[in-house]
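Naming follows writing order (A, B, C and D), and every chain is counted from residue 1.
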Amino acid sequence: MSFVLPGELVPAQHVNLKLGPGLLQVSDVKNGSVMSTRAGELKHTANNREWWIEGNSRRYVPAPQESVIGVVIARSGEGWRVDIGSAHFASLDGLAFEGATKRSRPNLKVGSVLYARVSLAHKDMEPELECFDAQTRKAEGFGELKGGFLVRCSLQMSRMLLDQSHFLLPLLGARFPLEVAIGLNGRVWVSTKEPKYTIAVSRCIEAVDPDGGGMDERAAKKFLATLDI
Amino acid sequence: MPRPPSPSIPEREFLYASLKQSLRLDGRLPLEMREPTLTFGPDLGWVDCAMGRTRVLASVDGKMVKPTPERPLEGVITIHSEISPMASSDYETGRASDEEVVLTRMLDKVLRRSDTVDKESLCVQAGQRVWHLRLTIHCLADAGNLLDCACLAGIVALKHYRRPEVEVEGEDVTIHHPSERAPIPLAMHHTPYCFTFAYFPDTTTQAVLDPTSLEQRLSAGLLSIALNAQRELCVVQKAGGVPLAPDEVMRIINVAVGKAKELDRIVEKRLQEDWSTRNVEVR
Amino acid sequence: MITFASFAAPPDDLYGHGHRVAHPIDPADDRDMDIDFDDEEFVSGSKLTVPGETLTSSHAFMRGHGTYVDNEQVIASVAGTVERVNKLISVRAARSRYNPEVGDLVVGRIAEVQPKRWKVDAGGRQDAVLMLSSVNLPGGVQRRKLESDELQMRTFFEEGDLLVAEVQAFFADGAMSLHTRSLKYGKLRNGQLVIVPPALIRRLKSHFTSLPCGVDLILGLNGYIWVSKHVKDSDREGEDGFDAEAVYSNRNDDIDCATRTAIARVTNIIRALAAHWQPLTDAVLLEAYEWAVEQDCDVKDLLLDDVAAALVASLGGQH
Amino acid sequence: MGSRVEILNDDGYRSDGRRQFELRDITMDLSPRGTADGSAMITHGLTQVMVSVFGPREAKMRAQTLHDRAVLNVEVNIAPFSTGERRKRNRGDKRILELAASIKSTFEPVVQTALYPRSQIDIYVHVLQQDGGLLQASINAATLALVGAGIPLLDLVCAVTGGVHSTSPMLDLTTLEENDIPHLTVAVMPKTGNVTLVTMETRLHVDRFGDIFKLTCDAAQVIHQEMKRAAYARTRRLVDAMDVDSKSILLTGDNVDKDTAMNELE
């Protein structure tokens, strides 16, 4: 594990290098061309292709192609304005849905929750979302999330939950059936049969979150046992 | 910047549905409050009060001033409080928000107007010198029910504070440094605590004590009760919100009576623990 | 025993609208003071109610405007007259803001110019919307709207301009949409605006009337009344039917002194009648105008309380 | 508070000659003022409050509008000449803001705001004279002004103050009494008897509170009768004035020409 501070040079090198949150490419530095912009733990994938910095941030900075969970704030013209927890509201076009036409657009109300992909993230523009795959025009699981509950966690936690090898979701799934959508913006949508199960999921995420309880697998199992489910 | 987005439809529906079954998101019972964590600083009258993720820091300091001509025999207490965007991104700088007005007025009513501190005991020389106590409340984080947390921090800070001993000989006033003579606690008439209950649009849903921020945002009315362990009410405040039956108000007040006794025990215990560690150092 | 004291009451107001209580109540009926309103309610045939009064059971009747259902009862939510159509119970408020209906004629004032639309203050609960596509533009009635029209919207209507229009439809949130696509409608000139409570304007055969004294009236159903110099019908429509210069002109014609006096007199009559809550129709206004000329009273005296009361009394005699 | 006036003497009379449960004289005037949609002037003894209501109308503060209901906006103005001290309070005064916030949240569940999305209802409260019971008078006047404006309410809201002198409860306090004894203000919706507002800010034993709380709830019902009477009287005046020629109208009233070209909106 290596920790970096803002402004440190990072030895990230790969022919097809991809930089994640907290890293910046600079051209006018002699040795190395990648610099960190935040403090945290430097991480990279096994093949050294993707690099990023893991911190305890809760503020989402949109990046293209990331899946996020947003809340509709208002209608604007032909589309909606959506809160994805970033500095600015994102815009979602009314036609960016599977099968949407000018005549039949999905009926999203203010306060609806949706699972979407960031299609445009530019520092000078407000982020844009879409609820389908732009090539195939298929929903691919994106769209409005009805019912359930929205759990908010740290960005790190949402990335951990997306990791297939993480223990928490299988642990919970073994106890009761559950449906989960994870947004990289620190939001997890949970749907179960009973409110008490949803509450259990919410409390476990809070307990395991490094920015919350920070429990490991053993402690989480113990904690789950006290929850009366 | 527009007003903070209100909770989404699924959050709202889920919260109402689970409260109907008397389930709360953090696993508490409806009438259970988060146990406060009181941390005392190195100085007397410096308290960090945390209830869950809600955190308030209160500190008291005193100095000698000339009393106002209207009240030559009474000391002065001022309370400074402010909600800044530091506590939560819901708050804005500039114009006082409704929450800030409620908080400031509530602190004033609970801590100052209900005569918690014996102001006459703060008088050193009639018309010449009195103690001026400044209570500063810093709201560090708001995760719901900032009001109760701030009131608790304020009252505990006052109880924790000790002022230097003063000797008056004719016209001469000597203030003894804490290292010379042990400072003396404030003369307090009583110790009020504030309890906030949240009501929901569906009147069959039970009220919850000490609401979290989500509960507070989705509530349809708050009832705040400040009282001491001697069953004396100091403030009852239900400014609008869902109409309640008079019997319900009385029932909640009786719940608060029990909670005040519990909380009083916790506070006394913590203060004693802290004082026992201090006696060793001071001498 | 909860009673009223009577001391230090200010004098009753001049109009007697105030209601004063000075009656130590008989100790026998303490707390449950039940006043029987029944005989009062039916004095003149219409049943009155105030918010919170139970009207009937919700099993037998349906609730209409001005009511709500709670605990299987239909309860009034406004003060006014109770109306019943078959099984539908509703309460018409004695006074409220304008409640538009499609087809209503309204007079309004431009509040804001927005892309492709004007916002119009027409006394409703939100500003009305006048779309660029809902107005007649220079160069023929059927002409398509061009981008250049969008850029020069202020040459048609500017903030503060008055116009007469018709309610065309409603938006989802209840805001009304207007249109001026008729030669009768459009910008207003040569006169002045009086605003009265909308309840005083009844639906009439025509809301455009001319009084013989050379004054035209437009009685907007929203309570906005336009009083202006009479324009001859032949002048109103050019042979092509549409003269852009004239329709969107901001210049008043020459108005002589007599016409100005007549306009002012009509305006003051309307104000006086509205202050006494008299419904306004062309017939009533004509009658009142004749009375005012007959009495030879000064235009501004019409606003004095005793003159206004005499005017109302003279009208009352007719009915 | 300096004053050493006897609050309740041995014969059971208060400083102004009232008995314990006697309310002060009330006058209510609902006649229209200026261009307000509804207005009311109320006096409770020497306390006088005027309220003007505007709306529902286009919201001035666009950022504050709500997509599903109307916004209530309450502004309180206390005239400098309303008290003996003649002190000017600025608008940022926390006490005034608290008063305005209390009135606002009292009416939020009572006004049927959901009928008017994106609109705004303004309630302007002007305090002309104060002699105790400021909140009580403001709420009662605001109720009547809302009724006068024809804004749908679930019920009238009736407010009363009460206090306890040692163990004797009393109603409708003057400034003199408010300064000396613990007091509370209660606002009740008389139909259900439910309480929308309770405020008390002085030390009082729970048992005493129970007594005075019940008593004020009952007293609100008495105030309700007076408010109802005033609202009926005002409505009656308006309806009668309109009725004068309703017969002649009925003959022509229905023939409204509706040659509207209905066009679908964008």
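Methods note: a residue touches a chain if its C-beta (ideal position, glycine included) is under 8 Å from a C-beta of that chain, and two chains touch if they have at least 3 such contacts.
Every value quoted in this text rests on a predicted model; they were computed, and no experiment measured them.
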Steps in the shortest chain-to-chain touch route ending at chain B and beginning at chain A: 1
Per-chain Cα centre nearest the global Cα centre, belonging to chain: D
Most extensive contact between chains (C-beta pair count): C-D
Chain B and chain C: spacing of chain centres that average the CA atoms, whole Å: 53
Separation of mean Cα positions, chain D and chain A [Å, integer]: 50
Centre-to-centre distance between chain D and chain B (centres being mean Cα positions), rounded to whole Å: 31
Centre-to-centre distance between chain D and chain C (centres being mean Cα positions), rounded to whole Å: 27
For chain C, residues that touch 2 or more chains besides their own: none
Residues of chain D whose C-beta touches two or more other chains: 67, 189
Chain C to chain D touching residues, read off their complex: 1-10, 12-13, 15, 17-22, 31-35, 37, 40-41, 43-46, 48, 50-52, 54, 66, 68, 70, 75, 77-81, 93-97, 102-103, 111, 119, 121, 124-127, 131, 133-134, 166-169, 171, 173-175, 177, 179, 181, 195, 199-200, 202-206, 276-279, 281, 283-284, 315-316, 319
Residues of chain D touching chain C in the complex: 16-19, 21-31, 35, 37-38, 41, 43, 45-46, 48, 55-59, 67, 70, 112, 116-119, 147-156, 171, 189-191, 215, 218-219, 221-222, 225-226, 228-249, 252-258, 260-266
Complex contact set, residues of chain D against chain B: 63-64, 92, 94-95, 97-98, 101-102, 104-109, 184, 189, 192-207, 209-210, 213-214, 217
Of chain A, residues touching chain B in the complex: 71-73, 83, 109, 111-113, 145-150, 189, 195-196, 198-199, 202-203, 227
Touching residues on chain B, where the partner in the complex is chain D: 2-3, 96, 98, 101-102, 104-105, 109, 113-115, 190, 220-221, 223, 227, 231-246, 249-250, 253-254, 257
